[in-house]
Amino acid sequence: MKIRKAILNKAKKIKLLATDVDGVLTDGKIVILNSGEEIKFWDVYDRFAFTLLRNYASYIKIAWITGRTSPQVAARAKEVGVNYLYQKCMDKISAVHDILKKENLTIDEVAFIGDDLIDLPVLSKCGLAFCPKNAPEEVKDAVDYITNGKSGEGIFREAVEIIFKSQGIWKKVLENYRRSIRISKATQNHTEKTQKKIQ
Amino acid sequence: MKIRKAILNKAKKIKLLATDVDGVLTDGKIVILNSGEEIKFWDVYDRFAFTLLRNYASYIKIAWITGRTSPQVAARAKEVGVNYLYQKCMDKISAVHDILKKENLTIDEVAFIGDDLIDLPVLSKCGLAFCPKNAPEEVKDAVDYITNGKSGEGIFREAVEIIFKSQGIWKKVLENYRRSIRISKATQNHTEKTQKKIQ
Amino acid sequence: MKIRKAILNKAKKIKLLATDVDGVLTDGKIVILNSGEEIKFWDVYDRFAFTLLRNYASYIKIAWITGRTSPQVAARAKEVGVNYLYQKCMDKISAVHDILKKENLTIDEVAFIGDDLIDLPVLSKCGLAFCPKNAPEEVKDAVDYITNGKSGEGIFREAVEIIFKSQGIWKKVLENYRRSIRISKATQNHTEKTQKKIQ
Amino acid sequence: MKIRKAILNKAKKIKLLATDVDGVLTDGKIVILNSGEEIKFWDVYDRFAFTLLRNYASYIKIAWITGRTSPQVAARAKEVGVNYLYQKCMDKISAVHDILKKENLTIDEVAFIGDDLIDLPVLSKCGLAFCPKNAPEEVKDAVDYITNGKSGEGIFREAVEIIFKSQGIWKKVLENYRRSIRISKATQNHTEKTQKKIQ
């Protein structure tokens, strides 16, 4: 993945990574059971990207800003370490400004990932804007970077990789994963507990 | 998306947008649990299209006409604001004429989206006919417009966008979404209630 | 869809359409809940093909022959009108001969759809053999016709269409669906019961 | 599928086939119900590959080594005959060495299938390394063979086929499946019990 210099310059400044949920972190399918429970399809590459953010760049805040509401979104946001969650939020730009005030950041320090018209105000104003390759043309026209993946196919991970590369973190990540990472005592014990010979 | 003049002329007249359900609004997969409950996969772009219809073109009536029956279809039809729901309906053209009489409309004011042979009578008679790109050849031959998306991939949204463009509504939609939409007091309160700092 | 003459000549004789289940009628994904319940993904175009078989060619027997066993398979086989169901059957060619004896048919009157090595004995001996385009090379080499669709993407429907075309039934099907099919009194009542104005 | 000589030479030595789970044996989608239950999508071609391993090459040990933990993974590992299961294991190379000691094997007798950065240490050291075609570039650079399939699309099966071909087993498999395999008394009875005429 070759990234244009202009994108890297914008990515260098990012201290808040905000994203829509449905159609970005999920594949945009809506499945509702008779019980009212929703089933959402998340991506394993994105999950790892949240781990990378926590372990290598905890100074970058994470926000999920969605027009809908769902207990599953709240549960997963907590699980992956999201700092700010806005649900049932139609005015996403106000939500972003709200966070900027609390974190003492400026709008060019914000990256946003969105996939539809409702995201246009934020996408056109934030420092670095992403959308999936299946987004409507008007959204594609408004962003800095169209991801290689479609909705729910690791597009959050693509954004994290670009930000990490621009901020000199990606090399460190690769070095650590390329050599056998020493495990702490705690992890070793855990590994022993869960490892077992089946047959 | 460049739309042919002939399509726009037909779309200009539409006052009833009727559609099949399985294979149009869903991806055509059938999943039935042991309990008998069905799982259906809807699309997030289509959902937004229903919101657009309600907010910008409430004079266009919406009908779902399907050969099957399912409590989930009834629940979602209500949720997204469908005006007429026909389930277990094998004679779709009669259903359409039924609505025309009630709404005092003519057949050239009807757009229909269908994906299989059973939809041929309506598709060949209504004012503007759509099918997904994975439909059988005989259905493709009968429609005015084959969508870019496959079953369940936002093809209802494609139809709405064409109708909106032909009726001069799309520009207004984009203008509203491009500028930060002012939120009402009610929405603000709601936003505050659901917004929270997780960590 | 242009079908080779040699295929049509073989298809003309078919009086038994037998098929594997997983990877043919379903997409080959295995989903097992903690309760042990399996979730299978069937196709809406295939379902319609079973209706066509019952309504237009009831002299063609339908058999499902699968190496696995599942209550959902039994339930759906009944629902779509399968004549013979063999589950946990590893010797599919014997199952086919068993049916031939009961129905007084010969092996060249059998069409079979399979997607893996276990289907090779039947595929290489039956009158007309199909596999999905994602099947292993050894299976593709053994069949008469590789479908345009992948596992679970309407490949049973493709087989039915070919058989119907070869036996002169397809034209009749299209004629009936192209003109508004008259509905019976019973269907009309049913339609009225399930039709309703939502708003 | 034409396999390079260098790959076959490496595959010839394999006596332990170890693999990651999410994103290799599954499609990398994460689905978590409100109850906490996870839904995973496995592949029907992979399942058959496990059967082939048990029936034709029981001297090849199978290990699943995953960074996560799930009761479903444990259940399926048992079902398909996995010899070693490591869950919540972050240090996969240590897990592999642990098995090597128990089985008295060397690292060049190990094949590993991984799809992300966490698998890099094992992939770069083991005898034969595989990844799916949707893996990140850094992972693709580290492996001997990039599969034709994506995550969860039979990539374990691809690995088994290559190992079988290199070890002269594949021909035997094909011969057995091409001729009608004689079934044992036990299987015959079972078949009779589950076979039934529906109509």
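The letters A, B, C and D name the chains in turn, as written, and every chain counts its residues from 1.
Operating definition for what follows: a contact is a pair of C-beta atoms (placed from the backbone, for glycine too) under 8 Å apart; a residue touches a chain by one contact, two chains touch by 3 or more.
Keep in mind it's a predicted model, so treat the numbers as computed, not measured.
Asks: Note whether the interface between subunit C and subunit D is symmetric in residue numbering, meaning over half of all numbers used appear on both sides, and answer same or different.
Replies: different
Asks: Just how far, in Å, is the C-alpha centre of subunit D from the one of subunit B?
Replies: 43
Asks: Distance between subunit A and subunit D based on Cα centroids, please, to the nearest Å.
Replies: Between these chains, centre-to-centre, one finds 31 Å.
Asks: Going by the touch rule set out above, which residues of subunit B reach two or more other chains?
Replies: Answer for subunit B, listing residues that touch two or more other chains: 39.
Asks: Take each protein chain as a node, join two nodes whenever their chains touch, and name the resulting shape: line, ring, star, complete or other.
Replies: Chain contacts: single closed ring, each chain with exactly two partners.
Asks: What part of subunit C is in contact with subunit B in the complex they form?
Replies: Touch list, subunit C to subunit B: 1, 27, 37, 39-45, 47-48, 71-72, 75-76, 152, 173-174, 177-181, 183, 187-188, 190-191, 194-199.
Asks: For the complex, give me every residue of subunit A touching subunit B.
Replies: Contact set of subunit A toward subunit B: 22-23, 28-34, 39, 69, 77-78, 81-91, 93-95, 98, 102, 116-118, 120-121, 124, 136-138, 151.
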